[in-house]
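Step one of this worksheet: look at the structure below.
Chain lettering (A, B, C and D) follows the sequence in which the chains are written, and residue indices restart at 1 in each chain.
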Amino acid sequence: MAASPNAAPQLIGTSGDSLREAFGKALADLADRDPRIVVLDADIAGGTGAHHFRTRHRDRFIQCGIAEQNMMAMAAGLAATGHVPVVTTFAVFCLRAIEQARLSIAYARRNVKIVASHPGIDVGPDGGSAQALEDLAAFRAIPGMTVLSPADPLDMAAAIEAAIAFDGPIYMRTGRSPATRIYERRDDFEIGKGHVLRDGKDVAIIACGVEVARALAAADLLANDGIAASVVNMATIKPIDHALLEELSARTGAIVTAEDHNTLGGLGGAVAESLALHRPCPAEFVGVRDQFGRSGEPGELAELFGLTAPAIAAAARRVIARKSP
Amino acid sequence: MTLLAAETLPETLAPHAVSFPYLASLAVTTRRLAIAGIFNAGSGHPGGSLSSADLLAALYGAELYIPGGDATNPVRDRFVLSKGHAAPALYGIWAAMGWLSPEEAVTLRHRDSRCQGHPHVLDLPLSEASTGSLGQGFSVAIGMALGTRMKGLSSRAYALLGDGELQEGEVWEGAMFAAHHDLSNLLAVIDYNKLQSDDLNANICGLEPLASKWRAFGWHAIEIDGHDLPEIIGAFAAASRVTDRPTVVIAHTVKGKGVPYMENEAPWHGSVKLTRDQASEALLALGVAADRLEDWIHGRIA
Amino acid sequence: MAASPNAAPQLIGTSGDSLREAFGKALADLADRDPRIVVLDADIAGGTGAHHFRTRHRDRFIQCGIAEQNMMAMAAGLAATGHVPVVTTFAVFCLRAIEQARLSIAYARRNVKIVASHPGIDVGPDGGSAQALEDLAAFRAIPGMTVLSPADPLDMAAAIEAAIAFDGPIYMRTGRSPATRIYERRDDFEIGKGHVLRDGKDVAIIACGVEVARALAAADLLANDGIAASVVNMATIKPIDHALLEELSARTGAIVTAEDHNTLGGLGGAVAESLALHRPCPAEFVGVRDQFGRSGEPGELAELFGLTAPAIAAAARRVIARKSP
Amino acid sequence: MTLLAAETLPETLAPHAVSFPYLASLAVTTRRLAIAGIFNAGSGHPGGSLSSADLLAALYGAELYIPGGDATNPVRDRFVLSKGHAAPALYGIWAAMGWLSPEEAVTLRHRDSRCQGHPHVLDLPLSEASTGSLGQGFSVAIGMALGTRMKGLSSRAYALLGDGELQEGEVWEGAMFAAHHDLSNLLAVIDYNKLQSDDLNANICGLEPLASKWRAFGWHAIEIDGHDLPEIIGAFAAASRVTDRPTVVIAHTVKGKGVPYMENEAPWHGSVKLTRDQASEALLALGVAADRLEDWIHGRIA
């Protein structure tokens, strides 16, 4: 289970590209080689990163206007005629078209990738209306829908490559704010596998998206107190990596999840289900506690809603205190 | 709007030599099998299945290019039943075309049947899309029209919509998109039977002036009698000559058409259970001989 | 924790009203006394039970046409002008308007009740397109949304009364098929409280909706083998009854959930999260295992997808075998 | 369509004595505070805020019945900013009306401010609805028009929509519903600035013929210059005399109006960050004296 040397995390600590930018650039590159890829946009390409694709592949960029329901179901028709459609909009507007994703895409098993930018309170100043805290839970409940939420620009690039190579519907979160870099290289991305970034026996922190960098920082805080924390980049929320969770539960006996999402039903829910099924142990869930977000800078909001490294470390201490003796 | 002379049309779009008696026979078989299926299922939507039978007969019998009913042929036309609750009629027309066994067509809604309550493309690929939630099939068909055009194929995409379905905003999103993109390889057909589940459109949420709505959304609109086969065929031919925009055929129909006790009678418009007597009366009205009732109910139509 | 004598379950075993009928009748009665109630329908009142309300209160019945998004957001406007709107349609079409439920209703904290008929494979012959297996998970993830799924006609009547008395947004499932009667009276319905129908120390079965009757039947099957099962009608999925679950976990050490929903994110997810947070123990989840439904009679489908009493009993035996010694 | 003579109108609907210089001053204050707010926030949508300022000034200054800005008055009119991203202008007009302190109006998007990036009714009840997802505010306003009518109140409901917003199907669902229910106490105003986030409507998904669309959906449609205050007031007066259907005012506007370097310039249409120089130049163009720039940026407008 130890992290492979290649994948050793380097918490560079600088803010680089946002995940949405990384997504857009990687997709444009992939499309150079893969003529099947088409991109659908709902008048928001500058926000989702899809503008990078547009610049390079104008003829495969489909401007749908501000009409997410039609966009989502049209993607199914494009997939049926041999294209690999990538549907792009904000996470909250993906939710507006979830019934189309369910019926026309997932039920019909169409090979469509839904890529959602602007998830969680990381959205910042736009405020609560735009901060999707429900999408992981909602899309996870759709039968056969794979759900991804990568952690940094390299992880993102690897994830979109894997998503395009995968045959089936996928919902994937990107992110709005500049992302802390975690990986120096990421050539071992595998859908369905969590990636152990740091190995520690006292507690395991399972995170996705922007929370992975904070989880690593939390592990540093804990290390100062002599607590050894494992940290996992759980970039695949569904199907969840049961084997890894079982192993971590056995070895650490205490789990913390961390996500920029409601604590109900998302990564925390997926991990809780897996633990209960395979190897129960105490867990704590870091996320937004069933409230709506509000305007503010992402960092301020992380403080306000308790999504910071110290908040994760505090949850780790709580769950360690609950371990069965 | 530019009109292309017929002789300049690609071969697959050229007018066929149409046999109206043949189309009429397809329609009647469709109606009978729809009734048989709904009876066997113990539930289903007879009103909207019967109203669309002539449209389906004209589409499959004379308009759609789907050689041998092969749903893997990339240059085939795509037909999406956006009003998915008319599935009994869809299975009926396929059986009439010889693309599905009539015995299977009447296993509608049974646990082990591919004839799901609403068309499901994984069970029956000719469905092209999985429908049942109104509005979506239309969008899927638009995606197909665009998708084949981007690939340089001559395929056309067709969608059959209910009138009540037009209350879904998704339809107007799609209408605006298709017009903006000049999707002249897209044809929408409205089964304008004036009724939806509960009542008349006019009582629920009026649609008139319907053709004006479509025209204001940039479509070429043609109004016809949806039970008059030559009119239907004529509308399709006219549509195929419109090359700068999508066309909608607003087909005025009668809900429950062909079964007098159902025609325009509200209770037959939603999902209902047919008794054996009701099914028999319907089949008799549709010209089944008294001694063949049991055969038709089991799809033994030879 | 023992079931109170008044609430003693009587598994009458006859099929009576469906939950949707019970809902419609109870709502019409409530509206006799409460002039604030208005009902919104999307051309499907005969299917949702709302026709009972329409018959009696035509002037407060709002026919919205087949336009669920506008219906959902309009309800927020009606609530803002002092009405108590009850939005009615099939569960799968509630999903079509979930972003409206999120923003215009939940974020604005509007007092709207969303009542969803035709949940799960209990829908039967209409097939997979109409069988919502995602709604509990999706609506549970919306901050501040209360989620209910009562079990029988009397439970339903009590639930809608409680929902109307409650000030805030609620999502509630009814059901299509005739429901097995469980209660002879139900005057102790409380939002947020599970109801212990049967008391047993070996395992606890936590169920909602149509699965409650099957859970009781499963307990009978288990009793034949000398296994004493607790059975809970968990009519409130959110907020989940943490205190009761903690007690059951402590006393039985083995939990089974049963719901007509995807096993991911719904009741099973809510229970798993609660256990992990408060008192971990092994659990098994009975429900549809991340597949779409299909046409068939509800009973046949319950067999096909493993939602029957014997399937629940088998899950109970599995989880008992996993108990820590 | 029946026209009611003005003297038969209920008092709250009677035409006001309108002071156009007053309305113009409201509009300019709105624009200045919108720019100040967006500058302070470091993000926000200037283009669509500036284009709607005259419409908001006419609405709040002369049309809406909201005595004292009291959002608890049950007979008040309801105004919903369906294009919620123009929140900076909404906070601006409230400050201009004296209903919100200008100092608070420019705290836009700050963590502890009630001036959320998009209007939120729990923070500022005058928002009437929480918006930000296009299409929804219009539906909420329709619910309000219906809800007050059912209660026998004379209130009217108003919604301001963007042109790009009209691509949302929900708008057409609402349009069909409102017409069917003859909601003559409903007024929709379209800020028809021809641009949306990315480009011209005409390039993204064309809306023309726009008035025909609304008319085909059963509405009374009026087209005006959305920066001409007398025309705007005239349209509202005409709308108040339409008693058998809802009215839409299609107001032709200029995106970025009042700040020359922004007018019709694409980059200013989405959410942007303004530098201090850009903010200053905008405020100067809006008539702020050079020595008052800092005051306006902090909302010290007295």
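Rule of thumb we're sticking to: a residue touches a chain if its C-beta (ideal position, glycine included) is under 8 Å from a C-beta of that chain, and two chains touch if they have at least 3 such contacts.
All figures in this text were calculated on a predicted structure; none of them were measured in a lab.
Asker: In contact with subunit A and with subunit B at once: which chains are those? Just list them.
Answerer: Of all the chains present, those in contact with both subunit A and subunit B are C, D.
Asker: Rounded to the nearest whole Å, what is the centre-to-centre distance of subunit B and subunit C, using the mean of the C-alpha atoms as each centre?
Answerer: Inter-chain centre distance comes to 37 Å.
Asker: Counting only Cα atoms for the centres, state how far subunit A is from subunit C in Å.
Answerer: 30
Asker: Can you work out the whole-Å distance between the CA centroids of subunit C and subunit D?
Answerer: Those two chain centres are 42 Å apart.
Asker: Could you grab the centroid distance between subunit B and subunit D? Build each centroid from C-alpha atoms only and quote it in angstrom.
Answerer: Inter-chain centre distance comes to 44 Å.
Asker: Where in subunit C do residues touch at least two different other chains?
Answerer: Those would be 64-65, 67, 69-70, 92-93, 96, 99, 103, 107, 128-129.
Asker: Touching two or more other chains, which residues of subunit B qualify?
Answerer: Where subunit B meets two or more other chains at a single residue, that happens at 120, 130-133, 135, 167-170, 173, 176-177, 180, 204-205.
Asker: With chains as vertices and touches as edges, which is it: line, ring, star, complete or other?
Answerer: complete
Asker: Any idea which subunit A residues touch subunit C in the complex?
Answerer: Touch residues, subunit A against subunit C: 69, 92-93, 95-96, 98-99, 102-103, 106-107, 128-129, 133-134, 136-138, 140-144, 238, 255, 261-266, 268-273, 275-277, 280-285, 288, 290-292.
Asker: Show which residues of subunit B lie in contact with subunit A when the two form their complex.
Answerer: Within the complex, subunit B touches subunit A at residues 74, 78, 120-122, 128-133, 135-137, 139-148, 150-151, 153, 155, 157, 169-170, 173-174, 176-177, 180.
Asker: Which residues, counting only subunit B, touch subunit D once they are in their complex?
Answerer: Counting only subunit B, the residues touching subunit D are 135, 167-173, 176-177, 179-180, 204-207, 209, 212-213, 215-218.
Asker: Which of the residues in subunit C end up touching subunit D in this complex?
Answerer: 38, 59-60, 62, 64-65, 67, 69-70, 72-83, 85, 99-100, 103-104, 107-109
Asker: Which stretch or stretches of subunit C touch subunit B in the complex?
Answerer: It is residues 43-47, 63-67, 69-70, 92-93, 96, 124-130, 294-297, 300-301, 304 of subunit C that touch subunit B.
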